Structure formats: C-alpha cells, structure tokens
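Right after this note come the structures.
Across the two complexes that follow, chain A remains constant while its partner is chain B and subsequently chain C.
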Partner chain A sequence: MAIRIGIFVCHCGTNIGGIVNVPEVVEYARKLPNAVCAEENLYTCSEDGLSAIRDKIKEYELNRVVVASCTPRTHEMLFRKNCEKAGLNKYLFEFVNLREQCSWVHMENHDGATEKAKDLVRMGACKVSLLSPLEDLASDVIGACMVIGGGISGLSACLTLANQGYHVALVEKKDTLGGLLRDINRVFPTNEPSSDLLDPLINSVLKHKNVKTHLKTEVLGVKGFIGNFTATLKKGPRTQELKIGTIIVSTGASELKPEGSFGYGQFDNVMTQLDFEKRYKSDYKGLNRIVMINCVGARVDERTYCGRFCCITGMKNAILAKEANPGAEVSILHRDIMACGSVFEDYYRGALKAGIRFIRYNADRPPVILGNGNVVERVKVYNELVGRDIELDVDAVLLTTPLVPGEDTRQLSRIMKIPVGNDGFFLEAHQKLRPVEFPSDGIFIAGCARYPTEISECIAQGYAAAAKAAVPMAQGRVISDAFTSEIDPLKCSACGRCIEICPFGAIDWTDWEEPSGTIRTVALVNPTECKGCGLCVASCLSGAMDLKGFSDEQILAMVSSVVEITSRVA
Partner chain B sequence: MEQKAVLIIGGGIAGIQASIDLADMGIKVYLVEKKPSIGGRMAQLDKTFPTNDCSMCILAPKMIECANHENIQLLTYSMLDEISGQVGRFKAKVIKKARFVEEDKCVGCGECAEKCPTKVLDDFNAELGKRKAIYKYFPQAVPSTYVIDPAYCRTLNGKKCGVCEKICKARAVNYEQKDQTLKLDIGAVILATGFDLYDVAPLKEYGWGRIDNVITAMQFERMICASGPSSGHLKRPSDEKEPSRLAFIQCVGSRDIRHKRYCSAVCCMHATKEAILAHEHYPELTSTIFYMDMRAVGKGFQDYVHRARDEYDVEYVRARPGKVTENEENQNPIVHYEDTVRREFNAREFDMVILSQALIPTESNVSIAKKLGIDLDEFGFISTPEKLADPFGTTRDGIFGCGFCQSPMDVPDSVVRASAAASKAAEVLSRGV
Partner chain C sequence: MKREDIDPIENKQAGEIKTRITSLIQKNNLHFCLECGKCSAVCPMLEFYGSYVYDRSPRAVVERLSFDPERFDDEALWYCLACQECTFFCPSGVDFQDFTIALRALLLRQGFKKYALFCPICGTYIMPKKEFENFQKTLNDEKIGELLSVCPRCKTTGYVEILHRVAPIQKRPKR
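Our next item is the complex of A and B:
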C-alpha cells in the first residue's frame, strides 16, 4: 500500500509560532515525498487540534502521521491514542520536537530556526515512512501489594488497600510497627500523645484479614515487573518468596545526629529534638532555661534542603516545656520560620503568645556554645534584628535537625532499580504531578523516604500511593509499550554483553533451535520487562539486536536525510 | 449490585487528578466545574516551581485524559444544586448552565468570537486583556466549546445583533438554550474547589488600582505567559515600556491580622519563580523580593531560591513595606520599607511592583457546604475535623476534601491529597453501603 503521510505543525501558542515561521514549514512539508497533507494548528493538543488530525486521517486516508510540536515526554501518548481513535495503528506515528529542540534554543535566530524546523520535519517524515504497525503487550496483574516499611505512611497505605479488598504484605525490618513516630512523644498541632494516633491504626492493620505482616523481615531482592513481581524476603535465617503485583516504598527517614556541631556528643545537656522527646517524656523538671538552635545541619552547604517541619517540632517542644513549667525561659534561635498554611501559622502565633522567645540569627554568624566541663552554661548569639550579641543562660540546648535519608535507601535503590536524588532521598517520577510514583511502573513511594514530611502529609501520601497501586490491580491487566528490543538469534554470538548491561534484568539465556536442527544457547529479551532503553542494542557486537520503532534502518534514514552518508552502513 | 459513581466538585488539578485515579480504577466519575473549562488555577500559571515546567504543557495532557476517559463525564459550566441521601446512596442534582452554544456541534473554530462586537474584561487573563461576549475560556480549553456570556451578549439582552449565529457554519449557536438539571446517583463526593484571589484594593497602602504600575502576582503570571494578553512580553501598564527593576511584595493580605492571618503557603515560591522568569525573558532585569520569612520548604525549593539569588539577579530583602507611592514624573512606584536585617529605613524606586496577594477559599464553598451539610472553618476552607488522622475527611461521612480548598498548599501536595481522597472514595464504594 502506498505511504500516505499527514504532517501537523503546531504553533504551541507563541512558543513555536513566535519564532519559527510555521506557515512556511507547512508549505515545505506538503511537498515532501509521500506527504499528502500538511496543516498548522495554534495548539495541536487542544480538542480542536486533535479532532482536526482525526478528520484528516479519514479525509486523506492517511496511513502515517507526523506531529511537529512540543515534547514526546508529555504529549506522545496523547497523539498516539488520537491516531488509534481514528482507526490508525498508534505506532504509525512520529513525533518531531520543534519546541525544546528548535524554537526555545534558537530564539534569537528566526530564519535559522525555520530552516532547522524544516530539517526536523523532513527527518520525521523519512522515519515515519519506515515504521510498521506494532501491538502492545498485555499481562495479568496479581491483586496483592507489598508495602515496605511499617511507619505511619506504610500503615496508612496498607489500611486503605486492605479496605478496598486487595491483599497486602507489610514488611518491616524492626520487631514493632510505627516507625519514627513511635519515638516521638507528642504530635503537633494537637499535642496529643503519638500513641493516640498510632495504636488504633496499628490495631486496624494487624487485625485486618487482608493484611499479612512480616516483622523483623528484610527485602533481599525484587525481580519482575508491574503486575508480576517476585520479592525475596529474609527473616532471621529463613528466606521466602512473595508474589505481588505492586510495591509501595515507605521506608522513612531518620533524624540527623549532628556529631561535633554545637557540642553535640561532647556536652551532656546538648541534644537533638528527638533526644529531648525520649529523655523527657512528660516530666520537664529542672528545665528552667531552654535554648533551641534551628537549622542545625539543614540549609547549609553540605545539606541544602529545609527540613520542612523542624520549626514546628521545635515550637511543639517549646510549648510543652512551657506548659509543664510556666516559669521556664524558652528561646528559639531561628533563621526563617517555616509555618506554611493556616494550621502552622496559628501554631506559631500560639507559641509567641505562650511567651516563647524567637531570636533570629544569621547563618554567617551562628550561635556559640559556652561550656564548662561536660555542661553547656550559656549560648551566645548575634541577634540579627537588634544588631548585637546576647548571651542566654541555659539548662539544656536543643538542636533542631532535619530528617536524613534512611540507611536502607541506597540498598533498596540498587535492588529495585529506583532512583535517588542529589539530597539522598528517593526521587519521584515528576516533582509536580507524579509525587508518589517512581519512573518504574508498579512501584510507588510515600512519606519521609521521599522527603521530610509531616504526619498528616505522610498519611495523605500513604493513601495516594495506595490509590496509584490500586489502579493496575483494579484493572487486572497492564498494557506495556511495544517499543522493546529484539534479538535475531541467527546473528547472536552468545557473548552475554546485553544480559550484563540491561538495567531491568529483561534479557536472559535461552535454548534455541537453529534451522539446521542444532540447539544453541542465545540471549532472549522478555518484552514485558524491557523498557526500550536501547542499551543492549548499542552494546551488541554482532548486530543481532534492534529496537522496535527505533531500528537502525529508521535512524539512518533520518540521518541520511540531513547529511550525506559517505561510508557504508550495514 | 451496581457500583455507584463519585461526584467531584472542582475541575482544577486536584479534581482532575482525583477523577483520573478513580476512573482508572474502573469507577464512574462526574466532574463538575463551574467555569466553562476544566483546568483551574494551574491553567492560568505560566510555569511551575521549582522545575520551571510550563504549567499548561504538563496540565493539558491531564485535561484531555479527563475528557477522553470512558469513565469520566465532564460537567463544565455546571454547579451542584442539591444533594440528599447518605454515604453510598446520595442523590445529587447538578445544573448544567446554558452555554447558548451546542457542545456537540461547536468545532471551536472561533469565527464567532472574531466577529462578536462586544468586548468584555477577560477574567482568565486577570482582567489584563479583553475577550468577546462569545468566548472560549482559554485557548487549550477542555471542552473547546465556546460559550456566550449572558451578562454581555447583545442578543440575549434584547438588543439587535445575532452576528455569531449568522457566522457559525456549524450552526452551534442557540440563543434559546436552557439550563439543564441532571439527576445523579452518587456513592461519595470529593470537594476540590481550590482558591480565589484576595482583593488587594482594600490594602490602600500598596496602591493597587491607583498606581498603574502596581499589579498582582496573577496579573504578572498572565503577562509573562506566552499565551497571555501581551504574548509573554512584560509591559508597564502606564506606558507599555519594558521594566528593568521589579519589586515583589510578599504577604499582601496574608499573615496579616487585619486581613487573613494565615500563610498562603505558595507565594514565596511563586514570587521567586516569577523573578526568575522575568530575568530569563530580559537578562538585564533585576528583582527585589520583600519578604518576612522565605518559606522554601518543599523538595528542591531551597536550591531554587539560591539559584534565583546567585544566577538570576534576585535580591531578597527582609521587610514588610509600609507603603508604595508613585513618582509622578515617570509613574515609577516607590517602595517604602524598613530593612529589618540592616535596620535601615529606605525608599526605593522600581519600574513595576508585584503584589503576592493572599489566596482565599472560593466563595462558592459557602453555598456548596450548605447544600452538602458540611462545615467550613473560620476562614471558609472545608473543615477537616480530624486534621491529623484523617486529613481528607469532612464533617459528613462519604464526603471528602482535597487540595487548596482544605488549607493553603502547592500543586504536589494538592495532587497527593487528590489521589488520597480518591483512595478514600474507593473505600466507601467497596464497602458497598
């Protein structure tokens, strides 16, 4: 059948149209080989633009579609589905990026950008001609979720999934549930004991018929893919395998112990907020003068992030100490006060009203501890707003430190191939719109393992991650992308490089019968595990591998449409 | 037993996310939005902090996913009329207001708006530009159907016109269209009504409405947005000149016991973002942000502020300015402030001043809460009685809240709450009450 290409060039408002001469590109596109129609749109992604593509597919009997617009990261699926809606195999579509790869980087050169846009569109048209229809792969989903970490986030995720009828395996390395919250005395903003919050939740989880709790258990390995993971668990000397469809990582974080800063570890009366909560559960005797120092180990060069709720933690302990001992002098040495929203701002106001003294210091002139023997007696601080040094007598110095990534983060990241950010916490798929998802399908994240998170947000993230995990389990089947690599066993030399290099463990040995009848061991790709990254294709020395949708033939056709190919390629 | 649907009120990012999550679980969703398009506040923003992702570019695919999802029925330009029954068995009535344009006929070509003789201040563009009496809410609107504004349309007000009806090749204009009432069987309700902008005119000291070159942050977002009324060019309202010195005043109406005593939670970051964007547009441009506390608490936010300071000529001054006056010769606003760190009083001239206005719960919360029989808090946010243990609950079983309508929060937090509320609603439905 003759190739009939439709080319749709997007203005993207002024993002592209303000720089690239779109009508000129359309005129050019119309004359390309096999092109039967070329159109422009103000926003191709709008319902108008999409329906225009569908109409043209029918009107011109198009069997290939090129959209030249923004980025495939956000819009490729949309346009593919749109082609499918018009009856065209969705893999007979090619995306050309005229925004990130053209207009945005050539804002100063309109003519040049227009010429480049023509080149890009021509390359796209070349490639699309060589595409062949592909089919998506479907596989079943096991209706069970493994939640790693039994803190408040993991418990919340467990409970809502179990209530929705899914089976949950809760894996906790310690012998108790509750996580970091267990060590916390009382919680803001209600100042109720943490057990009031935690105990009912733990009880509901423990007695739920859909939850199986594995205490003192570690995750040794995870294999498989969305819908069909196998986890290896280790409890004491025994290991066991678990089949699950989805995984939620809620391994939490720990409080920074600032060894060496402000006399921590050197003086008996210097402690972190959490040390304080453990040491003084409800009896604050002998604490008449407390000084807290905020942002210890946070918002500094070696750890640039803000601990998000440490200001509020400090206020909480200040309020509790003051309530127990109204005559106490409590001072908080702070930088910015982070009390976002309505609840925390009121909590801050309450702390001010309670007579807690807030003194702003400058990070360039941090407070100084003045000790005697193993006890700190005074703290000297430069009050930034008054412009002079003051000295405060103290019975105890509380260092407000941020949460730092849990010790298992790196190991889990390796085992499960999930990313960690520069700050050492797990890195979500998209900061703005996919906060509880990982790039790998079927694995989700909740709570402090992602970033320091206050209790209500941990609960919310637990529920949110559960909603994401519920989706494939509710659907019962997952469809995976057709862009996977494949091996020509005839050419495979069985060197094993591809198996070594695959980050997803998607390639393994298999026995294959040659046309002559001999059985030979060759590499084989499991398409449901393959993410189409192409590493194996690039590493193959025998030219036995190709990536569907990005074959050598297609890529070289694009290249040779812009440059003269002088040397021969296989 | 047939599974009940979920009613979601509010089609901003929170309502959209909750809809998609539930619909993906196989649950039927009715998404009710009072405006002619879903998208909400995020559709009005140029870029988003701290990644500078183009807001519309990450939102539009979600809007379209909503529109195309077989389990989601979009009810735009609609409002809740009444609700009865109880959790698992609510009966809801939703009024779909007359658009005077037939949704199944309009192709969104826009010829009607081109020819319409009546110009109206455009609220989507924060009243910086004009739209017509027949209009599409914004270029990427979902659905893309036009709508006639009955307050301004000449024909609907008994005057001679009828231009749009004549021009429409699709014969979609229908001046006789009436409001429709839909009756829905509902198992659970999710509220995602978002926020409104606080009116800064009563803060007379800052001169908004009196000094031309004092604008609000939302006006700035529209101005710097490529699809906004000035196509992304910064222009001083007084003389259309390109500004080179910007001042951002934080906490305008927020953290202020005369107005709203709470912190609006997102302004420190959006001011930082706006200053960065302005510098990206005009590399010579400098910005000064007058702040009380720089609340950069989210993931990557501190690094964003550092980058603004070190790479984008953004200066942070800890001050709550007392007033803004105008230099009558050049219409430059003058900011009068005390730098509380240097402990000096100062008056500095800028080309433009941007006010980070307080964000407030939508006014419609009052009537919605009344119909649903739930409580609001003293500010008008949806009341959450168990703030800690059940941050999505309201005062009534089966009705949940998510996003800014509960309390000030940014996009990621709203998205988290939306998915969480979806999980709660799914629990209710699987209880099978």
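Our next item is the complex of A and C:
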C-alpha cells in the first residue's frame, strides 16, 4: 500500500512562528516524497488543531502523520490518541521538535532556523515512512501481594492491603513477627511498652482471612514482571512457588554493633542501646551512674549519615533510668542533639528537666574509656564549655549507634534486581516524587530497609507502599508502551551486557532453539517491563538488539536524508 | 585538693551551698540550656570591660555551677552586669539575671565577700568591685566614682555630708 503522509506544522503561538517561517516550511513539506498534504496551525494541540488533523486523515486517507511542533514530552500521548480516534494506528505517528530543537535555540538566526526546520521535517517524514503499526501491550494483574519482612512496616502494609480485599503473603525469615520493634521495651515519646503497639497489629494480621503468614521462610528467587511475579520461597528443606501481582520489600535494618569502639566486646559493662534494653528489660534499678556516648559509628568517614532517632532513643533510656533511680547520675556525651519537631523538642526539654547532663564533645577529641579488669570504671571527656577534661564514674557505658543495612539487603537486591544506594540501603526510584517504589514496576519499599526511620514513619511508609501496590491490582491490567526493544536471537552472542545494563531488570536469559535444532541460552526482553530507553541497543556488540520506533534502519534513514542534501548543497 | 582533705566544717558548708545552688538552678531554668550561645553573643561584657573572657560568660557559669560546683571563691562570678540581655534573648527560658543576683546574695550570706563593694556608711551591698572599678575608669572622674560608692539610701540621708566631701560649699553664717 502506498505511503500517504500528512504533515502538520505548528506556530506554537509565536514560539515557533516568531522565528521560523512556518508557511515556507509548509510549502517545502508539501513537495516531500510521499507527502499528500501539509498544513499549518497556530496551536495544533488545541481542540481546533486536533480536529483539523482528524479531518485531514479522513479527507486524504492518510496512513502516516507527522506533527512538527513542540516537544514529545508534552503532547506525544495526545497526538497519538488523536490519530487513534481518527482510525489510524497510533504508532504510525512521528513527532518533530521545531521548538526546543530549533526555534528556541536559534532565536537570532531566523533564516538558519527555517532551513533547519525544513531539514527536521524531512527527517521526520523519512522516518515515519518506515514506521510499522504496533499494538499496546496489556497484561493481567494477579490480585495478590507478597510482603517481604514482618516488621512494623510490613505489618502495616499487609493489613492495609488485606482490608481492601487483596490476598497478601507475608514472608518473614524469623519465627515471630515484629522485627526490630520486638527488641525494644518502651517507645518514645509516650514511653509506652512496644507490645502495646505490636500485639494488636500482629493479632489482626494472623487472624485475617486474606493474609497467609509464612514464618521461618526466606525468598530464594523472584521471576516475572508487574502483575505476574513468581516467587520461590524456602522454608527449611521445602521450597514453594508463589504467584503474586506486586511485591513490597520491608526487610528492615539492624543496629550497628561497634566491635572495638570504646571497649565494646572487651568490657562487660559497655553495650549498645538495644543491648541495654535486652539485658535489663525495663528493670533499671541499681544503675546509678550511666554514661551514654552518642554518634558511635555514625557521622564518621566510613559511615557519614546520621542515625536520625538514636539521640531520642538514648534520651528515652536515660529518662527511664532516672525514673528508676532518682539520684542517678546520667550523662549523655553527644556531638549534636537531633530532636526535630515539637514532640521531640519537648522530649529533649523533659530530659533536661529530669537532670540528665548533656556534654558536647568534638569528633577530634572523642571520650576515652578507662577500664579495670573487665569493667569500665571511668569515662574521660574533654568538656568544651569548661575547657578541660572531666572524668565521670560509671556503672554502665551505653553506646548509641545508628541502624545499618540488614544483612539480606545485598542478596535481595541481586535476586530481585532492585538497586542499593551508596550507604547500602535500598534506593528508591526518586527521593521526592517516588519515595516508596523501585524503578522496576510493581516492586515497592517501606520502612528502615530504605533508611533509618522511626516508628510513625515506618507505619506511614507501609501504608503508602500498600496504596501504590493496590493501584495495578485494582485496575486489574497494566498497559505498556509498544516502543520496546526486541532481540534477534540468531545474532545474540549471550554476552549478557544488555541484562546487566538494563535499569529495569526487563531482560533475562532464556533457552532458544536454533533452526539447526540445538538449544542455547540467549537474552530475552520482557516487553511489559521494557521502558524503551535503548541502553541495551547501545550496549549490544552483536547488533542483535533493536528498538521498535527507533530502529537502526529508521535512524540511519534519517541521517542519510540530511547528509544527502548537505552534500548536494556543498 | 581532694574533697576528703577539706576541713569537715568547710565540707558541710560546701554541701549546703551546693544544695541551694541546685535549687536556684531549678528555679531559674538553668538546666534548660541548649548551648545555643545567644546569651554570650548579646552580653555587653566586651564593651564594658574591654575584653571578653569566656569563663565569666553566662554559659560558662551555668556549666561550671550546674553539676559539680567546686569553687565559690571565684572572681568570675562577679563580672556579670545583671543587665538582663541574656535572659531576654534566651530561647529556652533561662533566667540568668535573676540567678546571678540570687547567687551573689547566697555567696554573701555564706561569707564570700571579697569581690563585693559595700556602702562605707551603712554596709549594704552595692555592686561587684569589678563593676565599680570599671565605672571609675570609664567615667574618668574620681568624684563621681565616690558618689557611686555610697548606697542610694545613704546618699539621700547623708547627702549634704557627701556633697561636702565631693565639692566644697560655702558655709552659711549662723543666724
């Protein structure tokens, strides 16, 4: 069938029309090979402009459309849908950028801009002739979610989804639910027991008819894509396969145990905040002289981040110790106090009121532990305010340490192809705009697995991840763009570069039968996960990978159409 | 000198002073100090004394006296002008001015009088010696200095006598 192209050049108000001579470009476009009509419009994106295109498609029986206007980032979807409305396959449409790539960058050179506009339109017409009709991909979404990690974030996400009617598989590697919160006796700022928070939540989850809890279970592997994941779980010697539509990662973090710092591991009475809570379990009687050292292993060269809430944790334990022993001397040696927000500022004030002594030390002159045998007897610190060293007698030394990434983080990152940031925690898709999801569709993150977070934020993130996971499950289908990459298995040399480079984990190995009958492993692109970024095409050394909508043939044709004319002019 | 070496009577006195200082600290909110430094920033000691020694500043005094007050025979406690700037600017509600005044009253009662100036006529406490010395220096007038060295009450009752000392007045003939 003959190609019949319609070219629509936009003035874009004065953005294009004020610099490029649009009527001249339209005249030129009319004479291009295969062009049957060329029009100009003031605002092609307006309802007027759109209906004009539809009319022309019908009138001239167009089977290819080129719109030369602004940037595809604004209106590509709009123009594509417009073609579809007129009965033309929406992928037989090409967008030429005469604004950002022409009029806006050549504002002083009107003649040059007009010539360039003609070249760009010619290139667009050349490419559109080579485009083929494509269909959007739609796949069903299984209405089930797997939540990895049964801490406070995972439990919150689990309950939210279950209450909405989705099936949730809660996978927890320990034999109890609750995560890090289980080891904590009381939570700030109310100082209520952590069991008050956890027990009702755990009970609701265990009893819920939509939740299947898998304790002592680990995730061995995950295959698939959004809407259709297959997870392999391992419990003891048995493995099990689970089919889910979305996944929420809430594997949490662990407290840093600072071996070698300040006598930790060497002296009996040096411990971290969590060790302290576990050892004394709220019975702090008899501890009359406590010194806490903050920022141990945090805000240092090897770990530059701040633990966020460990200052408050220390204060909480200090206040509780003071309540148990009113005459006790409790000192907190800190580098700065992080107590943001009115709730924590008031908590800090309460700690000051209780008579807890805050002494600031500098990172260059850290406190010194003075021990005798296997106990620490005194702590020496340079008090900046009085300008000399002071020595404090101690019964116990508490080291306030930050949370560090959980031990499973790296392995899970490999299994599920989800990214890990510089500090070893999971990395979200965008810090501000997409805080609870990964670049790979269908996988979400909540809680301390992402960065050290305090309880109310963990719960909020659990809710947020659940809300985002519910979207594809509620819609029941995911629709993805047809401009995806495709591999020619004949040419694939199985080097694996595309698999490694794909940021979305959309490429994987597969077995393929050659025409000769032998079976070999080649790469395969999952079109539902592919975002059409083209990195794989650029990385393929064998030329086996091509990108639909930006194929090698199409791009090279565009290039030769420009080179041809300039060589003629020269 | 270790605490055990001090005379037990002195020790008892030290204990008493410490208890009272602790209650003064609580009353004037000194324990709410966040070490923000605003008080030291607005303190006029620099302009008044020509130098600013940290040991005499509100923050240093608070820190020294807060948890383990040792020396009460300390001149640094008598530099503060009690002008109230620090109290005004403190974001945590520390009332250092009130504390200083009350602390000095306590020290005087306990006999630490070395650094204080008393009215030569009636013996009441007027101001720290250091403050008086500085007034004399800056006002550059011995006579005015002498005027200041008498307490307000005596100034009004014994005014004429003082005036005679300060400036000669013609004696009126008796009628």
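Quick note on the criterion: the second predicted complex is superposed on the first by the 361 of 570 C-alpha atoms of A that agree within 3 Å, B and C clash if a C-alpha of one lies under 4 Å from a C-alpha of the other, contacts with A are read in each partner's own complex, and residues count from 1 in each chain.
The working rule: a contact is a pair of C-beta atoms (placed from the backbone, for glycine too) under 8 Å apart; a residue touches a chain by one contact, two chains touch by 3 or more.
Since the model is a prediction, treat every value here as computed from it, not as a measurement.
In the overlay built on the shared chain, the residue A:R64 is in contact with neither chain B nor chain C.
Touching more residues of chain A than its counterpart among chain B and chain C is B.
Shared-chain residue A:K548: touches no atom of chain B or chain C. Once the two complexes are laid over each other on the shared chain, residue contacts for A:G387 go to chain B and to chain C alike.
Once the two complexes are laid over each other on the shared chain, residue contacts for A:R308 go to chain B alone; chain C is not touched.
Legend: residue contacts after superposition of the two complexes on their common chain; A:R80 is shown touching neither chain B nor chain C. In the overlay built on the shared chain, the residue A:T14 is in contact with chain B alone; chain C does not reach it. Once the two complexes are overlaid on the shared chain, A:R357 sits against chain C while remaining clear of chain B. By the touch criterion defined above, A:H167 lies against neither chain B nor chain C after alignment on the C-alpha atoms of chain A. Residues common to the contacts of chain A with chain B and with chain C across the two structures: 337, 349, 385, 387. Residues of chain A touching chain B in their complex: 13-15, 18, 42-43, 45-48, 50-51, 70-71, 74-75, 77-78, 81, 160, 163-165, 187, 189-190, 197, 200-201, 299, 304-306, 308-309, 336-346, 349, 362, 384-385, 387, 421, 423, 425, 430-436, 450-451, 455-457, 459-468, 470-471, 474-475. Those residues of chain C lying in contact with chain A across their complex are 31-35, 54-55, 59-60, 63-64, 66-68, 92.
Every residue of chain A that touches chain C in the complex is listed here, in rising order: 337, 349, 352-353, 355, 357-358, 360, 383, 385-387, 390.
Put simply, chain B touches chain A in their complex at residues 13, 17, 21, 24-26, 48, 50-51, 53-54, 57-58, 60-62, 64-65, 67-68, 107-109, 139-144, 226-227, 231-232, 255, 261-263, 265, 293-303, 306, 340-341, 343, 377, 379, 381, 387-392, 407-409, 411-413, 415-424, 426-427, 430-431.
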